[in-house]
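Scrolling down, you'll hit the structures one after another.
Two complexes are shown next, each including chain A; its partner changes from chain B in the first to chain C in the second.
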Partner chain A sequence: MIRRVETTLAQVPLHLILVGMALAWFIPTLGLLISSFRTQDAVLSSGWWTVFRNPFLAGQFTLENYRAVLEAQGMGRAFVNSIIITVPATFLPILVAALAAYAFAWMDFPMRRTLFVIVVGLLVVPLQMTLIPILRLYNRTHLAGTFPGIWLAHTGYGLPLAVYLLRNFFAEIPRDLFESAFLDGASRWTAFTHILLPLSVPALASLAIFQFIWVWNDLLVALVYLGGTEKVAPLTVRLSSLVNSLGQNWHLLTAAAFISMALPLVIFFSLQRYFVRGILAGSVKG
Partner chain B sequence: MASVTFEHVTKKFGDVVAVNDLTLHIEDKEFLVFVGPSGCGKTTTLRLLAGLEELTDGHIYIGDRLVDDVPPKDRDIAMVFQSYALYPHMSVYDNMAFGLKLRKVPKDEIDRRVHEAARILGIEQLLDRKPKQLSGGQRQRVAVGRAIVRNPKVFLFDEPLSNLDAKLRVQTRAELSKLHHRLGTTFVYVTHDQVEAMTMATRIAVMRDGVLQQVDTPQTLYEKPGNVFVAGFIGSPSMNFFDATLVEADGKLFVDGGSFRLEVPPHLAEQYRKYKGQEVIFGIRPEDIHAKPYVPPEIFPAEMRAQVDVTELMGSEIFLYCLTPDGRAFVARVDPRTKARRGDVVDLVVNMDHMHLFDPKTEKRLE
Partner chain C sequence: MLHKRRDWVPWLYMAPALLILGVYLVYPIVGTVYYSFFDKRSEHFVGWANYKWALTSKVMHIAFRNNILWLIFFTVFVVGFGLVLAVLADRVRYESPLKSIIFLPMAISFVGAGVIWKFVYAYRPKGAPQIGLLNAIITALGGEPVGWLVNRHVNNFALIVVGIWVWTGFCMVVLSAAYKGIPRELLEAARVDGATEWQTFRYVTLPLMVPTIAVVTTTMVINVLKVFDIVYVMTNGDFGTEVLANRMYKEMFNFRNYGRASAIAVILLLAIIPVMLINIRRFQEEEALR
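Now for the complex of A and B:
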């Protein structure tokens, strides 16, 4: 009994810190959300927290900001562009990395270790170093300003980390499972699709979340390789130009910011259970 | 159904020789058990047969077919792994059906075979479960079931019982024996547990440091171990060994261990007389040493004295850990009625009909 009280007490500081951190992140976001639903006059005349005086007062909230941003300010088109960029730029590197990591973890070929070390070494190369040479290459091959160009770029930037993480995850899968599959008649490809991939869902999902959010939030790579034309510009590029053109229109900027946050939130909450799920339980002796 | 032949099989990992020039013929329908301490090369041998390791040298035949370069899936074998290696994301049914699906067996045939195997093993009610919802014993059955449905020519078992608790192990041992009779297929089984080997095998192959020591029926291995290692490995507690000399007196042959002198029975004296005067290793199993009041009939008795160091009551018997007068330790497995305490000096009777003699240099059995 006393011991339980002691352990609970010992955890109090930890919980205080966790709650504090959560609040520090949550309060500005909440302010952003509330502001995005308020009228321009209200935003300019009083702080967002004042709505809590009369939270249910009709008429103080409006959807007008969202309508304006999506239609007049081109956020709708930018949202679609962001999806067109992000989905393949998430899927491609993970597919390539999974194949590479499978080979690095489970196949014997010459220079395996050396090649893996080189791939991991690429993690430390700053992305900015590659901008100019790749852009020149893209200009020559007419990939600049196109979606395939930015897919390739994000695939390249995402691969080292993805290969590294997946290889380490794959290497932990018991060898017996593969050998058993080979005895059952599986080819390397069948073992990959029927054994390895299903068992790696947690790793693949967490990697997908990272890569998705990174690409979704990316401004630099999109701006350099795609440019700012409305036809191809993603949310981040559009949002930054809105800051320039609508500097004082907080009601519109907050709505635009929330539009850009919406999808990552959905993705995160729908995939987050994979972060904690240990699918390997029960595969080998218990 | 097929025989298996190893011909001068050698496997090296770098400089380490895991299997050294193994030649062995396993008959069709045989239950052959490889046994030996860990690192003796028994599992490597099995993996070579499965095709999971590549031969360094030699040839392996399954039936008449040379399989040196045949990939595992085309060798027509099935293997039960020590870890069971069940696919964790598949139901029991899918685990068992996986190999058949990959071989494009028709659906209704798969269904029939899976259900039949499940019935044989008593796991029909588990077919929809995932491996993590099963107990250790149930997982082990599923692993066996996965091998059965394939209907292979040879079954390979890599220490399949070592993750089970003691009671379940005994039960499963009997079930595997039954399964062997029922299927009438060649079983090749690897274990470090000599009890498993003795109880299930039709023949046992004892290995040590990659070298095959002896292959024979459990009975012969027990009664006529070919060398000191096999003699010590088979049987529990292990055989006692004493450095001794063969001496002759009054026309009788004796094993002289310094502090004891035991007469060799006349029918053995014939064959051992040629080693007269030589140093030998004298081996006697604990079960062939009896407490004097409880000597069984029809043995060739020879008496010795010893001091009791430790006693272990097993219920049906007592293990006496004894010291000879000159301080050499040995074990006797005696009648539970024996009253002996630590420090007591007891009279023991050795059944010399079951004596073993080995050459101290080669450690080989003397005949």
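Now for the complex of A and C:
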């Protein structure tokens, strides 16, 4: 009994550190969430933590901030734009990468190895290296400020990682599976669609989640190629311009920020395992 | 390899990827290096002038200094916190919710994180009710409110904290996987031999985790060299907080100086090239084992 008390006491610092860190990580987001439901007067006159003095007081919470940012501040349009940008910018690079990764893993052609080493090298190239030439190209071809322009840009930036990961994954698939399929007269295309892709669903899912979150949360690429016009700007661009224009209107800024975070959070909580895997796999991206 | 005969077929599968990589990565890299030797509109060759500016001007010195601050403090703290969490969380029953909370910011954009923390740092003059959490705590303890994002003594660190808040979860997850891979018997044996918890960590756990710590650290270094969003949203590089990527963006869009902007991009690439070579070498070693 005394021993058990002793070990529990010895563990007090451990719990203090861990619970302290958990609170430090959680409280900023909690403050944002609570403030987004408070009235303008309340947010500007008292700290968000004061709601805990009287948490059930009717009338202190409101959805008005969300209505205001979605309509008047253009976050509704920006949400739609983010979807329009992100969905093709997720599937396009994975499709293109899967084709190339199949060739890299299971076909023989000259320079195969050299080309793959180049892909590995391109993994960490900073985006900044590509902005000016691509922007010039886009200005000449009128792709600047268009959705296809940003789909293709994200496809380019997502490709090295997707090719690298998928090629490594494909290469692990047992050779016998292919050989027996080819003996049965399957074409390379059939082997791709009927053997390789179905076996790769977990890898494709992790990659898709990583790419989705990366594109959804991207600011720089959208800022450079789309610009700030409301018609095409995604949530991140819109939110960052609201930070300038709304200044101290924290009741609106907090609601706008939460709207930009909502979808990634849903994915995080519903697909946590794939989410973590995807983020880990994607960590080498440049 | 299978199907040796029709040699052109692999190129059909490769073609879309090669085309896109060529247009979006290879061509621009060459282009940016080329532009970095030309004037602002890329009309006249200027030799090394843009690099001379990049290495000697005052604004660039501030950017370099801040990138170095980020490099040191961000990297040390994300890897350090990640390691502490990986090792300690393993000992408690609430490990899984704890890790979810720490990892959560990875789902949020840097822009969103910027807004969250700008609110934490909100500043009101002395006497007014503080609505920012940090200044509320400080004034409640009897201190003076601090302008976290404008005070040049603290603002860079205030921004670095946001980066740490976002990336610690990533380091924790990677390091935790490495920690759980250490055979339990090794740790038990050390404890049975009378090693304290600290000695077990210092002489058994840590040496075994060094390779993973190295990988995580290089990943964080790459991240920190390109840091942009947090600074753009929270201070836009004002009050002495500018970093290289933000300076490049300003040269590009505010001053339309493509020569200088390209030179900054090339400097970023040069800083990252050692990592690129390490990656390629590691890949070739792995391939040799296949």
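Note that in this section the second predicted complex is superposed on the first by the 240 of 286 C-alpha atoms of A that agree within 3 Å, B and C clash if a C-alpha of one lies under 4 Å from a C-alpha of the other, contacts with A are read in each partner's own complex, and residues count from 1 in each chain.
Everything that follows uses one rule, which is that a residue touches a chain if its C-beta (ideal position, glycine included) is under 8 Å from a C-beta of that chain, and two chains touch if they have at least 3 such contacts.
Note that this is a predicted model, so its numbers are computed, not measured.
Pick one for A:E179: touches chain B only (first), chain C only (second), both, or neither.
both
With both complexes superposed on chain A, which partner does A:M107 reach: first (chain B), second (chain C), both or neither?
In the superposition, A:M107 contacts chain C only.
With the two structures laid over each other on chain A, which partner does A:F26 touch: chain B (first), chain C (second), both, or neither?
Touch status of A:F26: second partner only.
Quick one: name whichever of chain B and chain C touches more residues of chain A.
C
I'd like to know which partner A:T190 touches here: chain B for first, chain C for second, both or neither.
A:T190: touches chain B, not chain C.
Classify the contacts of A:P198 with the two partner chains as first (chain B alone), second (chain C alone), both, or neither.
First partner only.
Could you give the residue numbers on chain A that contact chain B in one complex and chain C in the other?
179, 182, 279-280, 283-284, 286
Please give the residue numbers of chain A that touch chain C in the complex, ascending.
11, 14-15, 17-18, 21-22, 25-29, 31-32, 35, 43-49, 96-97, 99-100, 102-104, 106-109, 112, 115, 117, 119-134, 136-137, 152-153, 155-157, 159-160, 163, 171, 178-179, 182, 188, 213, 216-220, 223-224, 235-236, 239-240, 243, 248, 250, 253-254, 256-257, 260-261, 264-265, 267-268, 272, 275-276, 279-280, 283-284, 286
Chain A touches which residues of chain C in the complex?
Interface residues on chain C, with respect to chain A: 1-4, 7, 9-11, 13-14, 16-18, 20-21, 23-29, 31-32, 35, 81, 84-85, 88-89, 91-92, 94, 98, 100-112, 114-120, 122, 129-133, 136, 165, 168-170, 173-174, 219, 222, 225-226, 228-229, 232-233, 245, 248-249, 252, 258, 261-262, 264-266, 268-269, 272, 275-276, 279-280, 283-284, 290.
Using the touch rule from the top, collect the residues of chain A that touch chain B in their complex.
My answer: residues 174, 176-177, 179-186, 190, 194-195, 198-199, 279-286.
Which residues of chain B touch chain A in the complex?
Touching chain A: residues 50, 52, 71-73, 77-79, 81-89, 98-99, 102-103, 130-136, 139, 146, 150, 163 of chain B.
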